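Letters A, B, C, D, E and F name the chains as they come in the text, with residue numbers starting at 1 for each one.
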Amino acid sequence: MSSTPLLPVLLSTMILLSAVSTTTTALTQDFCVANLPLGADTPSGYQCRPAATVTAADFYSGALARPGILIRPFNTSLASAFVRQYPAVNGLGISASRVDILPGGVVPLHTHPAGSELLYVLDGALVAGFISSSDNKVYYKEVSKGGMFVFPQGLLHFQYNTGDTTAVAFAAYSSSNPGLQILDYALFANNLPTSYVVKGTFLAEAEVRRLKSKFGGSG
Amino acid sequence: MSSTPLLPVLLSTMILLSAVSTTTTALTQDFCVANLPLGADTPSGYQCRPAATVTAADFYSGALARPGILIRPFNTSLASAFVRQYPAVNGLGISASRVDILPGGVVPLHTHPAGSELLYVLDGALVAGFISSSDNKVYYKEVSKGGMFVFPQGLLHFQYNTGDTTAVAFAAYSSSNPGLQILDYALFANNLPTSYVVKGTFLAEAEVRRLKSKFGGSG
Amino acid sequence: MSSTPLLPVLLSTMILLSAVSTTTTALTQDFCVANLPLGADTPSGYQCRPAATVTAADFYSGALARPGILIRPFNTSLASAFVRQYPAVNGLGISASRVDILPGGVVPLHTHPAGSELLYVLDGALVAGFISSSDNKVYYKEVSKGGMFVFPQGLLHFQYNTGDTTAVAFAAYSSSNPGLQILDYALFANNLPTSYVVKGTFLAEAEVRRLKSKFGGSG
Amino acid sequence: MSSTPLLPVLLSTMILLSAVSTTTTALTQDFCVANLPLGADTPSGYQCRPAATVTAADFYSGALARPGILIRPFNTSLASAFVRQYPAVNGLGISASRVDILPGGVVPLHTHPAGSELLYVLDGALVAGFISSSDNKVYYKEVSKGGMFVFPQGLLHFQYNTGDTTAVAFAAYSSSNPGLQILDYALFANNLPTSYVVKGTFLAEAEVRRLKSKFGGSG
Amino acid sequence: MSSTPLLPVLLSTMILLSAVSTTTTALTQDFCVANLPLGADTPSGYQCRPAATVTAADFYSGALARPGILIRPFNTSLASAFVRQYPAVNGLGISASRVDILPGGVVPLHTHPAGSELLYVLDGALVAGFISSSDNKVYYKEVSKGGMFVFPQGLLHFQYNTGDTTAVAFAAYSSSNPGLQILDYALFANNLPTSYVVKGTFLAEAEVRRLKSKFGGSG
Amino acid sequence: MSSTPLLPVLLSTMILLSAVSTTTTALTQDFCVANLPLGADTPSGYQCRPAATVTAADFYSGALARPGILIRPFNTSLASAFVRQYPAVNGLGISASRVDILPGGVVPLHTHPAGSELLYVLDGALVAGFISSSDNKVYYKEVSKGGMFVFPQGLLHFQYNTGDTTAVAFAAYSSSNPGLQILDYALFANNLPTSYVVKGTFLAEAEVRRLKSKFGGSG
């Protein structure tokens, strides 16, 4: 058998076949690293960067190597590696974040509108829970180092550090862009009129005003 | 050309081919009416009823012909035609509900974890709005008879009747089972400990207790 | 606890993280309002408009507030709110239309190649039906005001007004772009050669020519 | 390095882990051969047969080795290998059929409600075409041995043998169960009332009666 | 009833409705022929060409009418009609290829990362097989002219000609771009360091060097 | 406003509506914990356990709290939390595993046929890489504690510990059941005939026999 390299032969075949469609773009669908500066988002994700510009470094991210910036009222640091921070996950149906919850700190009630979350506790312990929509039943449990808890898509959930040391957790999502809707921000950190918040929650108006002030909202 | 009926011939062909797999089950995948009493739910929906038991009546529903039962604190009647109430939509990616909002009434803040909603106003007028997750921006608008508003999947949204007559609306969903998580019920109508609600929302404890009492919660 | 607004802090975090990918495009995937004038369609829908240009008005549509233009031979008015007429439904898996069927009028046999349909009768009554593909069985039923009927994806179906008053119905679809193939238009309103129509339907040639003339076809 | 077989070690690991969920069912999701006699259909396909009962023979099918039974009015033989005839394709998103069209024969106008079709001509030549839904434009072309034509999902299409020899073609579908709705059968081979066919097609009543007689319909 | 052509009337309706979104782009989602020279790939496939530029010829391909170029070490010719060679399959979930295996020739072990394969033997005979991931069980069988074999997505599989005549087969895939990872090329036809190949396979270093030489690799 | 509990009222509404379909099964589609002992697998995952039997403990898993059993030739411990080990992830599109790679140890070349992988390094450092299918290009990089690397679905990839301390990593997958095909096991740990392995890989027969002996294969 000949020891002639085969790759060039196959590539020639491909070039010939490609000639049918007169294109010079490389096939990139092993992956589709998001072309963020171009900004062309679609319902299935961002346009792909040309394959020739992609290197191994694109598949790496150090975004979760350290805690994110501390959010004081929560006593929690949050760092995200969604498609905007980690373009290589575009189209791959996965992304991640990291939370560092100080003693007494919380990840308050929130939802991910477009993904389920699998949380793996790296250090310390926390109470993880979610509320089902069908019957408002609450499912919660203490999870310590090495434990996991899964939160189904779109449901209100929380993580509380009830211990004495910082709890650190890695969260993976079933979407490259799961979204994050923090309840307090949605209600109190924007210009939604106070009367509308009251109507939509049955909270007392004074309480709404107090929390709007706390979270930077107006109206 | 012969006037011999052709259908029997084709059916014979199919029967012969089917013999390969020795089965007598009818092909039902034009539709998959949910076999609810059997209760065999899967991630894609319920098992299908045998096609031979399905009639035209299965594709019909009168569930939204009249207002649902009045929910007093909301001054709103809600009737749903999700897969549990309307088994024919199983697997078809669509379902519906109807709201009748009395003057001053509300559909309070809620999410559908698994579907987008398209609301068509049948009578009266209402203010419809949702809150985006990325920047907590609020999008709301008055919608009167004949108008539509679309709420993207999983986001907090509301409908308020700010007029003098009952507002009636038909809502369609992009799922046969979109779910419904009403914020007040999730927070206050279950046994989630008061201290956990406080941690997760930064509401004052007294306010949490007041609303737990109002919505039937404990803990 | 400080009353310092938190939102700016979180936004700072996000800006820092975003710096990794040096982009200024806003995250828009809570929704993806179609960028129609740009025209960049993909298999999953249109490119998204920049989030900064989107307002509450985009989520509203008045396209179904009144009957569409009357199609005389059908005695029916049709108005559509698919993604082309209602760009906000892009990527959300839902859209709608409205039919006003005069007494004796019809929505003739047609299919939606890419979506199931849930029809809610707003006024009057009609006969709704579809034909299954597996065994050509017909499922039809009279549906009056407040009733619903669901048509599974891709199957031939119809709505006939057999009463004395105009029947009005709102239809929701499980796709932002379900398509609409009206049988008579497909067969008789184009330049498909008469001999091909005859071959494909076994209709008499004279009948094909009569209907081509009626529906504006040639060939 | 030891030559100890590793497989038993890994299997032990798996058995230990499996013990967490106390189950003895084998993981089958490399494939999901349809458990047809059980008949448990779901929106995503049939239940899987236990993996231990699956052999290489299940992945084989001879269903398309010869022409199907001749359908006389069409002068065409049709053989299908959808999930009912070829259970191994369950869940794999692919299936196939074979047509043998005698000279002058046709595959008349039909749709596949749930799949696109890629047709490869094995022998002879045929005219293949489809009608788009958006503007009723017709796309057709002669395809001879070795040529392919692709028909987008859900659209009316046809294949005619306009030559002197039998045309043979292999068709692949993008679904394990694409469905098949033959227009003439849908209109004329069932008990859909003649008056309803007339309303839905604008065909002359006599023509409808003639074709109902030809295709075995009643009513 | 008037014989006035109806199509212009409906088109007028559409134009009026379209005016809402001030666009002149044609609705193309009956199909989405890939706009390859533009090169705008997304996770769901390429951007669509403007519908006005699409003709029947786009849906045709002659790419599999003849054997592809011979790959000498395999004694096999391979021709592909994936989306790059056959832009009309973009978004349709289907594509195809053709193999011509000379006596003694092989399609060596390979995977399609993004699609299942249904193989139909056009001439001669071959042994087709795949290896399951859950238990490494091998499923293989001789398949002769007219026979089919299905290979589940992502699993290592092969086709060997063990007969005296050329085996020809048509393969359909459940994706417009299933990918093709040939094991020997992945291991030996690139610059993956020899030490890495040894680590990842436990092959002897000399064997790795021999095959790197054979298949054109370096490192 | 009355302080009457509202939940019972809404539940009454639901019970009344449910009566239409005469069923007593609870709606479980907020989640679908796999009913593994029943064994009813489908293409979309396992049947759901009745919601009434599900508790918070089901959403927790300790399967990755400690290293799995050591696989000696690899010098690596592997523990998995796929749907079989962690039934709560059924239908949620996510799962996880943990690898502990001793100094000099490897996770040899393997694929996940049904999912992408996002690897987060918990301790030590490793070289992570994958091979693209389109051009056999290799992408690899050293990743140390806190770093991530993403492997696109279905492609051959590896992780090597090239350091002096144990490397520990948590891997998340975009599927509840991504599968795992280890190349050496697929080739050498089963009864695939030696001659077939030689044909499919071009390895020398002696080398195949050596590795079959090492990994416990026969034939």
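As a working rule, contacts are C-beta pairs under 8 Å (C-beta built on N, C-alpha and C of every residue); 3 or more make two chains touch, one makes a residue touch a chain.
Just so you know, these numbers come straight off a predicted model, no measurement behind them.
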Going by the contact rule set out at the top, which chains touch both subunit A and subunit C? B, E
If you fit subunit A onto subunit F using only Cα atoms, how far does it have to rotate, to the nearest 5°? 180
Taking all residue numbers used at the subunit A/subunit B interface, answer same if over half belong to both copies and different if under half do. same
Report the inter-centroid distance (CA atoms only) between subunit C and subunit F in whole Å. 39
Just curious, how far off is subunit E from subunit D if you go by their C-alpha centres, in Å? 20
With chain centres taken as the means of their Cα atoms, state the distance from subunit C to subunit E in Å. 32
Give me the residue numbers in subunit F that touch at least two other chains, ranges are fine. 7, 27-30, 40, 42-44, 61, 63, 73, 86, 113-114, 129, 133-134, 136, 140, 152-153, 155, 179, 185, 189, 214
Looking at which chains touch which, would you call it a line, ring, star, complete or other? other
What are the touching chain pairs in this one? A-B, A-C, A-E, A-F, B-C, B-D, B-F, C-D, C-E, D-E, D-F, E-F
The answer for subunit C against subunit B in the complex is residues 7, 26-31, 51, 54-57, 59-66, 81, 86, 88-89, 92-96, 115-118, 120, 122, 129-130, 132-136, 139-141, 143, 145-153, 155, 170, 172-175
Taking the complex as given, what residues does subunit A use to touch subunit B? 73, 106, 108-109, 111-114, 127, 129, 131, 133-134, 136-138, 140, 152-156, 158, 160, 179-187, 189-192, 196, 199-204, 207, 210-211, 214
Which positions of subunit B touch subunit F when the two form their complex? 34, 36-37, 39-44, 61, 63, 68-69, 71-73, 78-80, 84-87, 113-114, 177, 179, 185, 189, 213-216
Parts of subunit D lying in touch with subunit F, wherever the complex brings them together: 1-10, 12-14, 16-18, 20-25, 27-30, 32, 40, 42-48, 50, 90-91
